[in-house]
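Quick heads-up: structures coming right below.
Same chain, two partners: chain A is paired with chain B first, then with chain C.
Let's turn to the complex of A and B:
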């Protein structure tokens, strides 16, 4: 339906200027005619609190012109509720808007509102309904913060921790891009969030293996290292960081460097070096840690030399 | 491309750029960003203030505009006829504070604003941004900062807010937009700054967070917001302010970051972009200048990393 399908004779549209109500020209801007027309009527209807089909059409037009105008989203939601519109159809409308404008992040909160309203009225909602849209949006931008936050909300709302489809999804995402930090964060969330009642020793072991394999694919990828440390340093899991030493030596063996300095040490991961320094410190081998921090500052990660000197100097002062 | 020794801050150009913003003829883009207008006014004003040319903008006009955005419920919208929102409410209060005009609000009006803010806090300590209902750690910061500036921050609000923030701390030491949300430098800033205002920096896993923040600096000197993302001038603020609050800003290589910001300038028409070669905007202009101010370069006005205001306006909050 369009604006022309309705009669507008009964109302006077508001004047759209930059000035608000005082009439003083503060911001000197010129609006296009279409925007002025549509917004003029919409503002008038909002002020009259009219929740009607013609108001609904206007919100659709304005949202397509200025997608981030959240006041209009709120008004549309009020209309949807008042007119008792079909929420599943509204979710479809929202999906079309999302696909037309990838940067529009209002839609995610709007979908949450719609789904919660649906559950309130009808009882059950299938979260799978949301997967195609999420897949498409993530396909466009695989690190879109809002989409991942939305997926997380779905997991919480529908208790999808360690759900098979969720696991399949996250494995797919990491296969496509092992460096996707958002995906790693989501993985940690679905497996190790406090709300997951199935955190077993087997799961922990499985995840450590998974992470080590990921590191082997790309040893200088920060996310799996953070993930690994997130597991090892979680007090509830009762693991010992020192157990990682053999694994770390595969990516950062400084022994030759320390012994005679003639053989080039094997350093293919600064993250592994960093953890090794931590372990040496725990084993009271601080001179080795200091050596590592100097190597990192001077050679392997010089952009962070201030940080490496800071870590080194903390050890020296002990 | 200029050699690094030749790079410098094109101060007058940036002042000119900000002043020209209101005269921009690109109308579609201008009202596409109506929902950010009050925030944009704050970014523009802070830019000229940091550049020590506060009189470059029409202060009276700005104050009038701020008041146009005020609602009867005490909240401020980003533009006339836009719903009141916490984010624009903070910008409004910050602008009035900068322009020494908070006293334009009556006691009654301030109480309404306080009420607007506190009414948006949920039982778990988080805040809605507005009646649309979105929840996000950014809104906690805007609420807490605003209440502090209005001298109306209560223990009850603090305790609940801190409780919520602590749930947003992640396995990698960072903070997200809500519990379990991916660690992101902007969210880390709002959480760390909130904790600083509430005097609860103690709940932070400082070594892990500092490590995560220091990892944001990439080889070209710029800072990114999350692992494996491109560096962006705005993180010169989000990352550096967080580290400054933790007293560890010096872990960043200032020279390299400075040059990254310099290269993102448009030295002909003014303004700073997210990175070299891209289009400038007022958002990145402000954050680039804020980053340079934090690092002590270019004789800019010092900025408070917690309140994002000139330090001479916030000394009273650091008394203890």
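Let's turn to the complex of A and C:
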């Protein structure tokens, strides 16, 4: 259906201009004729609170022209409810709009409203209905913030924490791109969310192993390092950071540099150095920590020189 | 001796760019129509930071102020501003029931900011701070966060991410609201909702357990600052997250350049999330967050490298303003132009403070 399929003769579109009611022209956008017409009708129909098929078509046009419009979604939702439209059909429309404009953010919230409405009316909704759309969107942009947040909402809404498809999806994403931090974050959510009462020692061990393997693939990739620290520094898990020392020394033969400085050390990951400095501090080997911070500042990570100096000076003052 | 090509701020071009935003804009700006007040805000605030607000003459200022008040709305559920006159339904300014022309928290924050920038003296007579706060209060939801508008039933509607929490806290600060005032928001709930959005790596996400993000980290930290809840918490991980957003490629991590999101032109700039490309705005979000946490922490940033990135890679040398990224084919936009200018001004302040 198009706007032309309906009669608009009975309404006078409002005039759209940049001049406002005071006639003062500021930020005078040169609106196209199409824009003026569509927005002119919209204002009229909205002020009449008209809930009709033609109003529905109109909202489709407006959403394509101004995705950031902040009342259009509410208006469309009210129309859908008033006309008792088929919500599954509306979800299909929603899907088309999302695929046409990757940056249309409000649509994900709208989609949640539709699904909640569907559940209210019909009792049950199958979350797997959502997977093809998510797959396509993530295929276009594997770090789309809103799509990942939507997937998280789906997990919460339908209690999919233990659903094997979730971990399968994450593993697939990380296999394709081990640097996809959105996937790493979703992984943390799935395993360590507040609802998961079953955070067993085995699970923690499994995740540490998984992360260590990921680090081995790309030692300078920050994502698994943050994930690893996220586990180790979580007080609830009762782990000891010191246990990481042997693993860290695989990525930096720093001991040699610390001892005589004659051998050029092989540093494969600066992140391993950062954590080693913390561990030496815990072991009361501040001298070693200080040397590492100096190395980070002067040699391995000079852009953060002032930060590493601050860390070093904090040790000295202790 | 050849002079090294010192990067330079193209002051005149930026001034002209911001003035153009207040004038005639091409139809591409249609899609930003709902945020028209925001464009005015970036232009005026940009000029203000460049110390060129005097190029906006008194008659023009008066017209601007007039235009801002045109978007002031009076509803039974409270008062506030709309984002653009295109939302004006042509009804009476004060409406007896809810309609599709509600105040919007973001627009209210922006309109107030503009009135402050223009030093409008009529603000106290023309606005009702209790009624504005009533609207803000009604936009707060159970978990302590905020939604941008009220729907026809007078209920909060829309996304409730951290941005609106910061906006609500800023409006509260603007209106000098304090404990015990009639329509104050629930600060305890707000604080809890912010803290719950802190991620395992120290940054903040839009919701609980969503990915850490430089911009949302700024929203979280500035909200806590605005409601006086920074003290007494450990920020080590957050600082670590923020400072690692400054992009660097050295001999020791150059292999990472093979990754599609890593670009040698981004050195010195900031990304907003791990393994993403650099972007003008994240320099501000990260710098600003560190600065709010402490004057000491902002010094961790390598200002020289950041300045080079902004002036050489994202400053638009032809049109003025700033591009989003170091991609040369981009054109500037109001948001990134403002972000570029404000970041450079913070750097300047820091440098002169250290000299003095």
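Criterion: the second predicted complex is superposed on the first by the 308 of 318 C-alpha atoms of A that agree within 3 Å, B and C clash if a C-alpha of one lies under 4 Å from a C-alpha of the other, contacts with A are read in each partner's own complex, and residues count from 1 in each chain.
What we mean here is this: contacts are C-beta pairs under 8 Å (C-beta built on N, C-alpha and C of every residue); 3 or more make two chains touch, one makes a residue touch a chain.
Since we're looking at a predicted model, the values are computed, not measured.
Following the overlay on chain A, a clash is recorded for the pair chain B and chain C. Look at A:300: by the touch rule set out above, it reaches chain C but stays clear of chain B. Between chain B and chain C, C contacts the larger number of chain A residues. Of the two partner chains placed around the shared chain by superposition, neither chain B nor chain C is touched by A:102. In the superposed pair of complexes, A:171 makes contact with neither chain B nor chain C. Shared-chain residue A:78: touches chain C; no touch with chain B.
By the touch criterion stated above, A:206 is placed in contact with neither chain B nor chain C. Of the two partner chains, neither chain B nor chain C is touched by A:122.
In the overlay built on the shared chain, the residue A:240 is in contact with neither chain B nor chain C. Contacts of A:68 after superposition on the shared chain: both chain B and chain C are touched. Shared contact residues on chain A (touching chain B in one structure, chain C in the other): 20-22, 24, 26-32, 35, 43, 66, 68-71, 73-74, 109, 143, 145, 148-149, 152, 179-182, 185, 188-189, 192-193, 221-223, 226-227, 229-230, 233-234, 303-307, 310. Contacts from chain A toward chain B in the complex involve residues 19-22, 24, 26-32, 35, 43, 66, 68-71, 73-74, 77, 109, 113, 143, 145, 148-149, 152, 156, 179-182, 185-186, 188-189, 192-193, 221-223, 226-227, 229-230, 233-234, 303-307, 310. Taken together, the chain B residues at the contact with chain A in this complex read 22-25, 27-28, 30-37, 61, 64-65, 68-69, 77, 79-83, 85, 130-134, 170-172, 176-178, 180-184, 208, 211-212, 214-215, 217-219, 221, 226-229, 248, 250-253, 256.
Note for the complex: chain A touches chain C at residues 14, 16, 18, 20-22, 24, 26-32, 35, 39, 43, 46-47, 49, 65-71, 73-75, 78, 105-106, 109, 143, 145, 148-149, 152, 179-182, 184-185, 188-189, 192-194, 218, 220-223, 226-227, 229-231, 233-234, 267, 270, 300-307, 310.
Contact residues of chain C toward chain A in the complex are 21-27, 29-36, 39-40, 63-64, 66-67, 70, 83, 85-91, 99-102, 104, 148-149, 151-152, 157-159, 199-201, 205-213, 237, 239, 241, 243-244, 246-248, 250, 252-253, 255-256, 259, 261, 267-268, 273-276, 296, 299-302, 305.
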